[in-house]
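You will see chain A twice below: alongside chain B first, and alongside chain C after that.
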Partner chain A sequence: MDRSLNLLDLALGFDEQLSDPSPLSGKVVLIEDCVETSGSFVLHQLMKRVLSPHSSDSLIFLAFARPFSHYDRILRKLGCNLATQKTNNRLVFVDMLMMKCSDGEETKDDVSAVAKLFREIQGTVRKLRSVTNSNITVMVDDMSLLEIAATNSNSDHVLDFLHYCHTLTSESNCSLVILNHEDIYSSMERPAFLLQMVCLADVVIKAEPLASGLANDVHGQLTVVNKGISRNSGKGSSRNKLQNFQFRIKENGIEYFYPGCRS
Partner chain B sequence: MAAPNVRTSSFSRNISVVSSPQTPGLKNGPNGTTFVSTGIRDLDRILGGGYPLGSLVMVMEDPEAPHHMDLLRTFMSQGLVNNHPLLYASPSKDPRGFLGTLPNPGSSKEDKPTVPDPDQGESLRIAWQYRKYMENQKNSIDDYSNDFDMRKPLERQFLAGRPIDCVSLLDSSDLSVAQDHCATFLSKFPRNSSNLTSIGRIAIQSFCSPLCEYSEKESDMLSFIRLLKSMLMVSNAVAIVTFPPSMLSPSSSVRLQHMADTLLSIKAIPDGDKELEKLLTGYKDINGFLNVHKVARINTQVPVILEAKTFSMSLKKRRFLALECLNQAPVDGSSGTSYGTSGSCSGSSKSGALDF
Partner chain C sequence: MADSIFRKLRDGGEEGELAPALTIEETVASPFALDVSCYLLANLSSSILAGKSKSEGLVLITFSRSPSFYLHFLKQQGILVSSSSKWIRVLDCYTDPLGWIGQPSTGLLSLIKMQKGVSDFKRLFSSVIEAGREMVGDGKTRFSVVIDSVNELLRHSSMPLVSSLLTDLRSHAQVSSLFWSLNTDLHQEKVTNALEYISTMKANLEPLCPSSEGKMNALENLFLVHQDFGRGWFHVRFKLRKGRVRVMSEEYHVDQIGINFSPISSAESVIAATKSLLPKVHFNLQLSEKERVEKEKVILPFEHQDHEKSTEIYDGRRNLADGKTEATPLSSGELQTDAVSSGKGGEIIYFRDSDDEHPDSDEDPDDDLDI
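== the complex of A and B ==
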């Protein structure tokens, strides 16, 4: 299966020997980015990995930021056809662009829209579980937009949603991949939401611009903190390590390299 | 495990993309996007063609410089010249009055003969076979964008009978009215694969102005912009929204910046700044600075890296808006000319992660 693994794959725990074919199952991955550097390319790469033809993993994608056509085009350039995966029932694309959370009085059955969304995800997970026994990944392409959509009703609902989604990782061994924007919270004194997310996450991937400014051949740097402890007890090694490398985004893939080691 | 049908339809040709758009004021861009002119040729060039259709453009205002109005004016004038329907919203009592300040198209090269000499054409033997192509190209450019004379008001013919909707943001206590206006306006331009008959332009000025009653409710404003963006993605329209970031809490301002597809900011130029005068050539002519923070990337993951992020705004011949790279010696970021430099400063505070 392996075309050579890149640095991000290695940092996430994929290895050449395939000792653990799905190191992310049951884990929470948090991608943090900022206005200057978008972290969405990490999502694209993980999408491609989940939907690769060598596995039978399935993906539930909650799109708050971009429509299907956008992702379809990007993933096609990466060599993955989302429309086909949709018909194969490996991809469940939930379009949340127009999601509206009305105020309390309008909901009839006393269930907030966020709770409804979770029920939907839960139902989909159960349905997929009954068909296949492979891994399920839930992706949220922009958590901050869910926050905006839900603030009208109650801001705690988003946090609840997060916790409920977290239960899926232990209950059904799903992976949870969330993109959020870190710089939104940088001015807050105690950003409860961000801290909770970092706390829940097993892997934190942070995309930043280069300290020295924009460059044409280096688009930014990634910091990956992998808090997970390796489950294959043969090594028994704690992998709580921090890795830092730079990247360059191209249409058909991403180049990763250590600072100063670009070949 | 690989089912055969996984690979069959990976590549399919989208024929509708190949055909060139017939509607004036449109240009095909990469990745199946279509560009709409900003009304400033230099800005079109900087952004790689213009504002992509379906994108949200946010402009951060500077309380000391009114140049965001110039961006709005040229954007609106260009739309009216190309007969694009327009929705304009502003926190003034009489938003329609703003239409009187729109600039008129003019030619910045009027002293040069625009029609080439026929004799000259004869002598260019090598270029002869390309002449048709060159003429075509010239026509398409003229269709696409104009130069605007900032001193001459837009002629009546471009305003009379055109579908222009003006909304005052002062009237309502919440944003639902503005939202309804946008929704009904955008519903006229649904995105079908082939149908590119008319293009909508939305211009919202000083969106979070403290004059408006809703200015306290930041969450309402954020969800308005979120819904506007979502509606734009499925319609053939472009919206440009200017907002004063200093009036918002920092986190809301950053949220707005994240939602923008194209993010620009205006910066005033300090008057009589001796240091800056030494650094920049043509300091006297510069009216203000324009920073390009984000260039829209729709249908692609590759970021657009510009050669420069800060541009000087000046009026050529006192009439035509021009953007130029700063002719500036490489100095440290303390010149304070841009939000961009402050952005990279915040990055450098974390440089401890890098070991050199």
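== the complex of A and C ==
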């Protein structure tokens, strides 16, 4: 595992003493971003952390937004080879772009399509659980596209899907990492879908542009709320903490710093 | 005050009356209804076990967390639950509410019952009663019902159906008390109000910095609370039997162990009241209690600082003490003339600076003012 911890790692509860090697197990992490500031880099960083050679954690990745080659290219820059991890059975990449195309002709109602997807994930989790005892992370990139892909009428089925994914966190102690776009819902008076997700999440990471406008050397700010209402909250020292820091996206990594503390 | 809620729930209602019911309301910015539920659950469980409660059993209906979460929590509180426990039954509406999984995973305790098809309220109601009767029998012994969250119920069904289910539970002769939690940001005000009506008590968790802006910003509120996340006000409204309504407030603080309640100190409540009225500025307009005390200690340079003598303010009259000391010089004319001749009695010595300066007179210096 990468020994040099950045501010995001610390905010998520990773610490140098490794008193808790997987602070996110059994938790739901919600990454919220907007058009001005994409939060996908957080997802990439968490991917890298899960697949790091020092751990044996595995990852189930539901890609609605981008094809495999995109993630492969980015993660390679961060020093992680996705193709190798795939053959090692540590990464299960579910390309939803392809799946959606394939059963587009079939006339199925939305509920069963989402239920089918969940059963597939559950099957994969159980299969992975039988071979390994380490933590399993399920990542969704991104939830708003699942809403578009799976339902045309209402978001209830996606919320049901989320609920079932939440049962995985308690049943199999998985982590669930979700990317979602906030500004899609900004015109709604009561964005129930978004609020439901925030309620469900234990950790909310919000990526937004600087309040003072765009800057050359600061690309945005992250706010991390660690609600930590989970059964392993007892030992987590980061419970009920809200942290705010800025970041700069570099070619092969991210630099995090507190406002005004950039050296 | 959290204690008084607990006592009401423990004691239950009189015979032939509706069971007391509590709504715990949380928001996105203060998501601690679960902590309050757990607090009440632990207290109710221990009082049932100790035989201090009027109810002899507890039916827990779980929607937002798995049954194992609650059993683990109770274990942490020193309340051990095993398959043979006669006082608790859990209805699991969390694991498979819609029947997607089909095959339940093994290893469930016999006291946990899986409930599918949660939108079928008639079945849900009968399984709650059935689970209760399993514990306490058909007689007059009563049991409490705990619903961890009605958000999921409201999502799967409509408000009238949910409130009728809750009312049915309340009016059942064997139910001694009932509580549920609700996230007010997720539902329309109508729904919140309706559920408040059918409950006898309402507990509201309010974050420390309430914002007066609309509900739209529920999400932004979460990011506004900053260091105060995990702290706030706990308002409780009791509807008493005679129709009187009593509102009480307390402060809550959530930490690693759970939720703590403490009485509000009056100074803090004043600050909180003013806080919300002031515009948001980047500098501090208020003084903290400590700052105020320190400010009061500062002695201003023009203040009278001689602590041994009392402060005397000249009000145009002579006071008695002055009259005595000045009476002697006035009576002897010698002393007065002496002072004048020596020049110490007070005289003005004035030198003209130059000839340019006109002697002080009423003359118009510029000849243009027409005096």
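Everything that follows uses one rule, which is that the second predicted complex is superposed on the first by the 235 of 263 C-alpha atoms of A that agree within 3 Å, B and C clash if a C-alpha of one lies under 4 Å from a C-alpha of the other, contacts with A are read in each partner's own complex, and residues count from 1 in each chain.
Convention: contacts are C-beta pairs under 8 Å (C-beta built on N, C-alpha and C of every residue); 3 or more make two chains touch, one makes a residue touch a chain.
These numbers were taken from a predicted model, which means no experiment stands behind them.
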item	value
Overlay on chain A: chain C relative to chain B, clash or fit	fit
When both partners are placed on the shared chain, which of chain B and chain C touches more of chain A	B
Which superposed partner A:Gly79 touches (first chain B, second chain C, both, neither)	first
Chain B versus chain C as contact partner of A:Thr223, first or second or both or neither	both
Partner chain(s) touched by A:Thr124 [first = chain B, second = chain C, both, neither]	neither
Which of chain B and chain C A:Arg66 touches, first, second, both or neither	first
Smallest separation of CA atoms, chain C relative to chain B, angstrom	6
Chain B/chain C common contact set on chain A	223, 244
Touching residues (chain side chain A, partner chain C) in the complex	111, 115, 118-119, 122, 156, 159-160, 163-164, 167, 170-171, 182, 189-192, 194-196, 198-199, 204, 206, 223, 225, 227, 229, 231, 233-237, 239-242, 244
Parts of chain A lying in touch with chain B, wherever the complex brings them together	35-38, 40-41, 44, 53-56, 66-67, 69-70, 73-74, 76-77, 79, 81, 83-84, 88, 97-98, 100, 144-145, 148-149, 151-152, 181, 183-188, 208-216, 219, 221, 223, 244, 249-251, 259
Residues of chain C that touch chain A when the two form their complex	28, 31-32, 34-35, 65-66, 68-69, 72-73, 76, 94-98, 100-101, 105, 151-152, 155, 183, 185-186, 188, 215-216, 218-219, 222-223, 225-227, 229-230, 254-257
Partner chain A, residues of chain B touching it in the complex	1-3, 5-11, 31-32, 219-220, 222-223, 226-227, 230-231, 233-234, 249-251, 254-255, 257-259, 263, 293-294, 297-303, 305-306, 309, 343-344, 346-348, 350-351, 353-356
